[in-house]
Amino acid sequence: MKRNLTILLLIVFAGILLVLAAGFTYGTPLASDMDDYFIRFGQAQIAANNIVTTIVFDYRGFDTLGESTVLFTAVIGVSLMFRRFFGGEDDADE
Amino acid sequence: MIPQFLWDHAPAMAVAVPLLAAFVCPLVGKYTATGRKAWVLLAAAATSALALFTAWRVYTLGTWVYVFGATVPALSVPPDSGGIPIRIIFEVDAMSALMQVIVAIVGFSVILYSLSADGKRSGLEAYYTLFLLLIASIVGMVSTGDLFNFFVFFEISGLASAGLIAYRVEAGRAVEAGLKYFVVSTLGGIFMLFVIAILYGQYNALNIAMLAERMQFTVLDKIALVLIIGALATKAGAVPMHFWTPDAYALAPSSVTALLVVASQASLYGLFRFTFTLYHLSLNAATVGWVLILLGVFSMFVGVTMAIPQKDVKRLMAYHAISQTGYMLLGVGTGLAVLGNQGMLDAFGRMAIAGGIFHIINHALYKGLLFLTAGAIIYRVGTRDMNRMGGLGHKMKWTMIFFMIGALAIAGIPPFNGFASKLMIYESVYLFNPVLAIIAMVVSILTLASFVKVFHSIFMGPQLPEYEHVKEVPAPMLLGMGILALLVILFGLFPQQVVDLLITPAANALLDQSGYIASILGGA
Amino acid sequence: MFANLPYLAVATLTVIGLSTVLLKRNLVKVTMGLNILTSAVNLLIIVLGYREGGIAPIYTLAPQTYMVLPTPQALCLTSIVIGVATTALLLSFTMVIYRKYGTVNVDEIRELRE
Amino acid sequence: MQMSKIVRLSADIMYPFVVIFGLYVIMHGHITPGGGFQGGAVVATGAALVIVAHAFHDVKAMIPKILLYLQESGGLLLFIGAGLAGMLLGFPFFFNWLANSGSLFGMPVPIGPNPGELNTAGFLPLMNIAVGIEVWGGLTLVILYMLSGVGKEGY
């Protein structure tokens, strides 16, 4: 029963994606004004040749801070999972 | 004394300070326990102060737009860009400010409580690092005006919560609960990324205000709306997708659970923000409103009926949390359903939205308080099974009083804050559809019945011999609970003032899509 | 039809990934499914930014100045790192569960089912 | 469990080259494809290579764990510090206060296609370095933690 429902959901999702494929045309973006701004002014404003890097670290630098934080969070989470094998002591359980 | 730039950049600093503290925390916390406590408390206090200051300024001076990396913080649209925002923008309007108030209050009291309650555990430096990261991510989620930035903070909160839920690794079940939560959260994140891709592909913008301005409501936008409601309702714990909630809430340490309530409300905030601000009138408001109402009604009813037979005190409270989330969805959903109809909106729609929003802050306060009292009981008694508790009222008087305040507030008994918001929801929803209001009242009565039973089995009865040595919990834990309890009472005694001061501006901000767009794009 | 082949690839990957997540009972396979889904979304984002005949948006020794959209690449970079972090945490959860129960099959881990 | 001597020796020889290539990718992030994440991942792969070639228990003592912690936190602190420094000068968070300033990494670039110059782009190289350090430490720590949990019975 649950399996059938899941498969139904999958079919619906596949349909959604086909609609999506019909909505966009490969090779011609529907709009590009924000990216044209980056390509046009990125070099002068940030003085870097790599426009992707200017976006990653400058125009959207705060996202990149968040992204490094995600990695940091994962490392801390993993360290919490394996803390016992790194010489951690047992704790009083609830 | 405090540098001026801290205040000038308060919205950004409210995220940056906890992040900075979290980055240092593993190093500080590994070597000195006292230093770690002081550091975490300082960071939490600073974050709360910054968030409260931001909220205060937003309530007095209006929406605060902060642009990252521009030459001036308020320069949202560069003059040479032809009227499009290109950088990440924090847009803190009254609704965001309300959420920041919640995070500031609950975050600080929970940290205060946790420093005393969790002092004997292992791996604390990582534990508090995740705590600070979770607070930072919630503040980020509620203040950002950028879709992709919201996704990034959403992911941080997902990872940090999963790590915290799975904190008690030796229990095994906690890791399972964490995994369950994390798979759900990651799936939600992937759906959100789909939404971002669809919207970006059509409108070439990531800023919420810009997207709202360009919104055409094509078929693809409808798909995006469905996906985003699915992802965020799951994360908020509404009923068809609630299966992770009881496990996660029950098995995480109690202080974490109190903060997880706020984290799920941040997702709820996202849901309201996207339906009201991003789509607004372009969506078929009645249909989407009814979807939210139905989600809400199911959550209320299923949550409370599942809660009644529970033996585990935290599991019971977790089901009640689902049920209370239903009230918020019901209130705001009613407002959304009449969005297109100005007459009905003025008659009861605004009040319904205000009631739903008021319930968010009330829920955060009393649910946080209840989870903290549950943690206090478990801290002293050592079991979560209510059948093995009894007669604790003799020894833990303060905890009993706090629990009673929380229980009466959640059941909607005057003069506590739950009553005020529930009354607003009943009154307005009754005008919309009487059946819904009656269901809401019945659920409230069932909640009361459930909590009377819990109160009786935990605190009443003769003193049990095995709990002879039980003492009241340490003072910092009581202080943490006391802050929340005091606010529960204050909000209950002066609901009109709170509504006028905090809630009505937030509800108006949620409804005012053109104002939101105008503060970014400048009167467009 | 064939012009939109990349979108069909996205659809295929998504359905494969989603069915893996929803139908498989093995936690490692669930993790793999989530990874496939992430790749599908990343591919979608990149494909949305492609301009016919454009080059990578880097000016160093560039033969022309007609470039593909740079923002999708930046978003994709972020999303990849988030995917890596997610995978690391998921796998460590799976490892702890395996140590605890001796299995990674969710049907055999019954403690949380009532 | 150890790999054969050939594998161990090749890994040892490869390691410095992998690290140098990773550092190259980090340093040239603002001119060529690449950057902090990619370079940091390459360097962490070098560490993984050595750990796989030698048995984990043999090299465990040689790995400076505290250095990795310092790298992880220090990289992020450098990152957020570079963002905050602009604030002290009166600009918003993440303002690129080094670009076109004439000082470190402050050379302007000619508009349009050009050969590329390392000493440009403001704080972008700083941030690339910061992220590179962080990813290097972070991914190596993940590998170490996961390996330390392998192969013991029970919990």
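The chains carry the letters A, B, C and D, assigned in the order they are written, with residues numbered from 1 in each.
One rule holds for everything that comes next: a contact is a pair of C-beta atoms (placed from the backbone, for glycine too) under 8 Å apart; a residue touches a chain by one contact, two chains touch by 3 or more.
Quick caveat: nothing in here was measured; it's all calculated off a predicted structure.
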- [ ] Quickly list, by label, the chains bordering both chain A and chain D.
- [x] B, C
TODO: Please state whether C-D or A-C has more C-beta contact pairs across its interface.
DONE: A-C
Task: Where chain A and chain B are represented by their mean Cα positions, the distance between them in whole Å - done: 23
Task: Distance between the centres, which are taken as Cα means, of chain C and chain A, whole angstrom - done: 9
TODO: Give, as an integer number of Å, the spacing between the C-alpha centres of chain C and chain B.
DONE: 29
- [ ] Check each residue of chain B and list the ones that touch at least two other chains.
- [x] 19, 23, 26, 68-69, 148, 152, 155, 159, 162-163, 166, 169-170, 172, 175, 201, 204, 206
Task: Set of chain C residues in contact with two or more other chains - done: 48, 56, 58-60, 65, 69, 71, 77-78, 81-82, 85-86, 88-89, 92-93, 95-96, 100
TODO: Check each residue of chain D and list the ones that touch at least two other chains.
DONE: 31-33, 35, 72, 76, 80, 83, 93-94, 96, 109, 112, 114, 116, 142, 145-146, 149, 152, 155
- [ ] Under the touch definition given earlier, write down the residues of chain A that touch chain B in their complex.
- [x] 16, 19-20, 23-24, 29-35, 37-38, 41, 58-63, 65-67, 69-70, 72-74, 76-77, 79-81, 83-84, 88-94
Open item on the list: Which residues of chain A touch chain D once you look at their complex with the stated criterion?
Closed with: 43-50, 52-54, 56-58, 61-62, 64-65, 68-69, 71-72, 74-75, 78-79, 81-82, 84-86
TODO: Can you check the complex and tell me which residues of chain A touch chain C?
DONE: 3, 6-7, 9-10, 13-14, 17-18, 20-22, 24-29, 32, 34-35, 38-39, 42-43, 49-52, 55-56, 60, 63-64, 66-68, 70-71, 73-75, 77-78, 81-82
- [ ] Using the touch rule from the top, collect the residues of chain C that touch chain D in their complex.
- [x] 56, 58-65, 77, 80-81, 88, 91-92, 95-96, 99-100
- [ ] Could you pull out which chain B residues touch chain C in their complex?
- [x] 148, 152, 155, 159, 162-163, 166, 169, 172-173, 175-180, 182-183, 186-187, 189-190, 193-194, 196-197, 200-201, 204, 206, 247
